[in-house]
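Below are two complexes that have subunit A in common, paired first with subunit B and then with subunit C.
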Partner chain A sequence: MGPLLFWILSAVAVGSALATIVQRSPLSSALTLTLCLVAVAGLFATLSADFLFVIQLLVYAGAVMVLVIYVIMLLNLGDRELKPLGLSRPRTFVSGLVGILLLALLARAQAGAAGISMGDVPDGFGGVRSIAGTLFTSYLYPFEIVSVLLMAALVGVVVLAMKRF
Partner chain B sequence: MPAELFMPFVMVLVAALLPLQLLPAMIWAERKVSAFIQDRTGPNRADILGIRLGGVIHSIADVVKLIAKEDMTPSKVNSFYYSLGPFLALFISLIPFSIIPLADTLKIGGAAIPLRAVTLDVGILFILAITSFHVYAVVFAGWASNNSFSLLGGLRSAAQMVSYELGLGLSLVGMIMVAQTLDLNEIVRQQGGTIFGILPAWNVFLQPLGFLIFVVSIFAETNRNPFDLPEGESEIIGFHVEYSSMRFAFFFMGEYIAIIGGSAVVATLFLGGWQVPFFDTEMLRENAMLAARIAFGSTAALCVLLSIILMAYDKKLQALYTDKRRFEARVLLGIVVTLGAGAVGGLLFLPTLSSLGEQIVTAIVQNTFLVGKILLFCFFFIWVRWTLPRFRYDQLMNLGWKTLIPLALLNIFLTGVALVLFDRGA
Partner chain C sequence: MAPTEQYLLVSAALFVIGCVGVLSRRNLLVVLMSIELMLNAANLTFATFARASGLIDGQIVVFFVIAVAAAEAAVGLAIVVALFRKKETVNLDRFTMLHQ
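Our next item is the complex of A and B:
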């Protein structure tokens, strides 16, 4: 059951990610991106990372993508505004370079994971309790710094919006 | 163990069918309660062979009408997104039932069998995640219809849902702090027992403010009156103006299933879920024989009562009509008498229950209480709809952002203070 689910979800994720970048209509791109995020959430679920599965659905598919689609609809782009897909030379070069680098990174991660045993996970793995325990003990300072960053972003939004009204 | 293998499939089926079973009852109740509140009779004409069942048959007439209508797709719409909207609306509203525990976990031969389709430790977050998906259905329907009113309705609705999701999530934080878990069955189990020996220890008594905010937010999330602005007929017609036939019906069904689902979530989180007040699972299992006897006995008593009412009704019908409507009460009387005879038979020939039988009886009793709580809250939804007028849009946004969210934050603070003072967290 596990490998089958993995292959199906991976195929959906990769296919929809591809569809996101090749489609012209921004709304279709957003929808396929949502599908990709949901498929990745499914992959988290098969890895018994329950908390990440739900957070992926809640934050990315449920909140971020809804806002993206909301904005796309408000813009109401017609056929005239949408330029055909063109690949200029520098853009192709940069994207290709980034792609190769990412692939190298993945290969390195794969090589690093070779020695790790794939036994059963301990009880409560990937649940709220274990993640919260790690987050609020070992990684407390990074967590607090990130929250300050988010706070700054929020204040920035308020300042930007204040000028208009 | 075979039960472990097939029970998840059975539970998925139950989780899908329970709301679909409650749906026609809900629509009938909406009509009858609205009629009662406005001092009317309500639907009572549609019949099959003279049997009207006080308007229940009207739901069948509705379904026939909706299926038989022409299913139109306007020529200038984006047909993929146009079809996606109603399907999403129905599908997403069905999902929360997969996670609601229908009764306490069964124990068969050492194996625990949870009576819910999906066993997830983070049940509350999953419900919040699925709630946020409702926006897609509304937004796609509104945008794909290629109609300014639809788009306006869809955007309004999306803004409303996104705004009230914040209140929905924050109102639960206090409850999670008290419960110390996100698992729904565990939360229900903690709501057993009593406070001061009088009140059942339901979260509604521990978290009254959180309950209030959650209920108001659920009303807004399900687009129900007094927050039914997405469909405000007098201003804009709403995101489903271009839909007809079954695709319109899907929105309609999705809305009602969302109401039933919202009631189920409220019942589970705040009203004790499957907990029978004052009787915990062990007590029920020990007294399963007595519980079964009471269930059969009360069914029989109810049947006797119904028979008396039906006999009086029959006398009235005989005096009023000469056509086949005369026989309605007699047919119903036959059904009620058969049911009552079955109940009496069950009462007389009840075998001594095995351990498994005791657990099943307990599960049935607990499930009956859960469904009862769900129906009670559904009634509350209908009651509010026909009592309160609709909010204006700015009032709606002010209520959501400037009242509910600060109140929810206050609730978190108060809960934290209470936990520190009474030392429950440590």
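Our next item is the complex of A and C:
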């Protein structure tokens, strides 16, 4: 069950990520990206990261993607914006080349992780209790700074939306 | 339990797909979504090593990355809306105001 679940989730994640960048319409891209984020949430669950699984579904696949789809619908792009991808352009060729080189580099880098096996973890690893125990002791200041950052982002977005450029 | 390097390979594939999306696409919204893809690939790597080392700290980093990515998405989309109101387009090649 374990390896099979991993391969299904990985295939869905990589396939929907590919679909995200090759589709013409941004709305289709957003929907396939949501599928990819849900698959990554499933991968978090197989890594016994229960809290991250819930957060990924709520914040990423929920809030952030709703915001993206809302903006896509608000902009209401016409046919002029949705012209064909034009895969023969030199830019696509160069970015594909960069992608292959980067993949080769990353694959070579993680050959060094081949010996690391996943041992047993204590019961409750990655649950709310273990996350909160570390987050509110060792990482208390980063946590407070992130709350200030979110507040600043909120104010900045309101200012950006009000201003006439 | 799938071994560590298989998770890392999936993460590398997601990162490269996001990178190619940023480089090849000209639609500002799709570029933003590709950046989200790359952030997710990095999150998957952090969660993998947190599981492999048995330390919870990697998962805390993922938590912070998700919080910062939410702020980034909100500000980025507000900039997209502001740019669209000015230029009536989301094509990156049309945003050349700084070198004119």
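FYI, the second predicted complex is superposed on the first by the 123 of 165 C-alpha atoms of A that agree within 3 Å, B and C clash if a C-alpha of one lies under 4 Å from a C-alpha of the other, contacts with A are read in each partner's own complex, and residues count from 1 in each chain.
Please note the rule applied: a residue touches a chain if its C-beta (ideal position, glycine included) is under 8 Å from a C-beta of that chain, and two chains touch if they have at least 3 such contacts.
In this text the structure is predicted, and so the values were computed from the model without any measurement.
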Checklist entry - Counting only touches as set out at the top, which of subunit B and subunit C does A:Thr92 meet: first, second, both, neither? => result second
Checklist entry - After lining up the shared chain so the two structures overlap, which partner does A:Val157 touch, if you call subunit B first and subunit C second: first, second, both or neither? => result second
Item to check | Broader residue contact with subunit A after superposition on the shared chain, subunit B or subunit C | outcome: C
Checklist entry - A:Val128 contacts which: subunit B (first), subunit C (second), both, neither? => result first
Checklist entry - Looking at the overlay, what does A:Leu74 touch: subunit B (first), subunit C (second), both, or neither? => result both
Next on the checklist: Contact-wise, after the overlay, does A:Phe51 reach subunit B, subunit C, both or neither (first, second, both, neither)?
Outcome noted: both
Checklist entry - Once the shared chain is lined up, is A:Ser117 touching subunit B (first), subunit C (second), both, or neither of them? => result second
Next on the checklist: If we overlay the two complexes on their shared chain A, which of subunit B and subunit C does A:Gly62 touch? Say first, second, both or neither.
Outcome noted: first
Item to check | Touching both subunit C and subunit B, counted on subunit A across the two superposed complexes | outcome: 51, 55, 63, 67, 74
Next on the checklist: For a test of understanding, state which residues of subunit A touch subunit B in their complex under the given definition.
Outcome noted: 27, 31, 34, 50-51, 54-55, 57-58, 61-63, 66-67, 69-70, 73-74, 124, 127-128
Checklist entry - Residues of subunit B touching subunit A in their complex? => result 81, 120-122, 125-126, 128-130, 132-133, 135-136, 139, 142-143, 151, 154-155, 158-159, 162, 165, 182
Checklist outcome for this item: Note: in the complex, subunit C contacts subunit A through residues 1-10, 12-21, 23-25, 27, 29-30, 32-34, 36-37, 40, 43-44, 47-48, 50-52, 54, 56-57, 59-60, 62-64, 66-75, 77-82, 84-86, 89-91
Checklist outcome for this item: subunit A contacts subunit C in the complex at 2-3, 6-7, 10, 13-14, 17-18, 20-21, 26, 29-30, 33, 36-37, 40, 43-44, 46-49, 51-52, 55-56, 59-60, 63-64, 67-68, 71-72, 74-75, 77, 81, 91-92, 94-96, 98-99, 102-103, 106-107, 110-111, 113-114, 116-119, 121-122, 125-126, 130-131, 134-135, 138-139, 142, 146, 149-150, 152-154, 156-157, 160-161, 163, 165
